[in-house]
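One chain, subunit A, appears in both complexes that follow, with subunit B as partner in the first and subunit C in the second.
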Partner chain A sequence: MTERIEITDFVTGEAVEAELFDDVAVEHFLEAQEEWRPVVVEARWKLSATGEQHLIPRHAHWDWTNKEEDLKLLAFTFYGLRCGGKLQGLMKLQTVGHRCRLPEQIGKPLVYVDYIETAPWNIKLLMRALGREPQYAPIGSVLIRAAVRKSIEEGLKGRLGLHSLPTSEQFYLHACGMESVDKDPAKQNLLWCEFTPEGAERFTTGGTL
Partner chain B sequence: MNPKRTMTLNLTEQEMRVLDEISAQKDLSKTAVLRQALRLYQLIDVRLSRGEKLFFEDEQKKEKAELMVV
Partner chain C sequence: MKVNNDREWLKRQAALEDGDFVSVGGFVESMGVEELAGAQNVIPLRSAFARLIQLARRERNLSCEQFAARVDVDLAEVLGIEADEHYRPALRTVHQIANFLGIPDKKLLGLSGLLKVKDAQFQKAALQFAARAEPVEKLSQEEHSALEEYVKFLCER
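On to the complex of A and B.
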């Protein structure tokens, strides 16, 4: 599946065409490692030098190439977003094996966002550290919308869950409108965030973020 | 969305009853239950074939049992 969508170019303020696709291959993982990681490392050095270590994203060490084996399994679905000839975001979903934790839907299956990453040049925090403007938006929202749609396609009615990194909690809770349950001691004490079918619908019909 | 193919599935009364129960309990269609089962079966099978093991653990009783899948 490849879908043409529009995202915004931060510099010009204009809409630009992008491609959302689910036929992710190992080449995309290699591209993320080669293109994204050096920018993240450079931003890390700058943030460390200015005493802002707490702003360093905890996903800085992720290696997408570790996930190659999972490309072959039905339990996982990957999405990528490409614009301007470059990969702008990647997401890995697990469509089985995770259950809802919100009291009103506890125990029901959901789609779990296992990994989601935006290219570093689209992250305001990192670009500020490097003295540059971010490039495109909204990458995270486009990917979360795709995850909700996958949940609906799988018959899970939009139910979605994830463990949020501390620097992303505001995005999931306020920009997406997910509900928080608790910090999960089994997963580095990360905050568990979840969509009910109603919350997912509000997010997907709420216009662009 | 990927194109889908249709098949007829023959189940016993008991199997159909269980499918109905899971479907109601989990708020899923019967098709969605079976698709979830297929995803889970493949995931477990691949991980076991890589040499990994699957366990059920009862934290209260401090019991751990390996699940053998054929």
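On to the complex of A and C.
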């Protein structure tokens, strides 16, 4: 599947064409690793001068070699977003094996966001460290919207769950409107966030404000 | 469910997202690449990496150029790996070589110094291999001539 969508140029505010695709291959992870990683390292180095390097999640050290095996498994779905000839975001979903934790839908199956990352040039903190403006938005939202769609396709009505890193809580709770459930001791005390079908609908139809 | 794909939604989400991090914890604490690799551990493993590539290439009777073509990497990468233990190969190069040789990616990434390796046994085996693979046989006539000519050239300069 390849879908043409529009995203926004962060600086001009103009709409630009992008491609959302699900035929992700190991080359995409290699591309992400090779092109994203040096930018993150440079930004971390700049931030270390002001003692702010801790603001960059350790998750930046993800391991693409694990994902190569996952590409072959039906239980996982991958999405990528390309714009301006470059990969702008990647996401990995797990469609089986995870269940809801919110009391009103506890135990029901959901789609789990196992991995999601946007290119470092779309992250404000990193670009400010490098004296630049972020490039495109809203990469995270477009990917999460794709995850909600996948949940609907799987008959899970938009139910979605994930473990948010502390640096991402603002995005999931406020930009997406997901519900905060609790810190998960089994997952480094990361915050478990969840979409109900209603919450997912509010998000995808623009009712998060 | 109707999914809103209009520009208003994008604009609103762009403003709300505001260039935030979106990372999740599914893969948190996965192994560190490159900058976490302690420099003191990298050099010995890289020498094992260099010897491994060189022997694997020679075993197949391939020149560096032929090896680079078969593996689909730049010749400069192969030369850099074999000749310079400080050389940092590209991830793609290591991935391609791993595929070609049928060696797991992670193992070769560890040897190449791109991946931190905590396994003491892995390190010890790499060191032993590097030591054992160091050639001790007499030089061939061709090598002898090449060496002699090059030393002569250096002395004359």
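Here is the rule we use: the second predicted complex is superposed on the first by the 205 of 209 C-alpha atoms of A that agree within 3 Å, B and C clash if a C-alpha of one lies under 4 Å from a C-alpha of the other, contacts with A are read in each partner's own complex, and residues count from 1 in each chain.
To be clear about the criterion, contacts are C-beta pairs under 8 Å (C-beta built on N, C-alpha and C of every residue); 3 or more make two chains touch, one makes a residue touch a chain.
Nothing here was measured: the structure is a model prediction, and the numbers come from that model.
When the two complexes are superposed, the chain touching more residues of subunit A, out of subunit B and subunit C, is C. When the shared chain is aligned, no partner comes close enough to touch A:160: not subunit B, not subunit C.
Contacts of A:32 after superposition: neither subunit B nor subunit C is touched. Touch criterion not met for A:87: it reaches neither subunit B nor subunit C. In the superposition on chain A, A:178 contacts neither subunit B nor subunit C.
Of the two partner chains, neither subunit B nor subunit C is touched by A:111.
Shared-chain residue A:97: touches subunit B; no touch with subunit C. Across the superposed pair, subunit B and subunit C touch subunit A at no common residue.
Every residue of subunit C that touches subunit A in the complex is listed here, in rising order: 1-5, 7-14, 16-36, 90-92, 95, 105-106, 109. Taken in their complex, subunit A has these residues touching subunit C: 5-8, 10, 13, 15, 26, 30, 33-34, 37, 41, 57-63, 65-66, 68, 92, 94, 112-118, 122-125, 127, 134, 137-145, 148-149, 152, 158, 162-165, 167-168, 170-172, 174-175, 187-188, 190, 197, 200-201, 204-206, 208-209.
Across the complex, subunit A is touched by residues 1-2, 25-29, 31-32, 35-36, 38-40, 42-43, 46 of subunit B. Residue ranges on subunit A touching subunit B, taken from their complex, read 1, 72-75, 95-97, 105, 107-109, 153-157.
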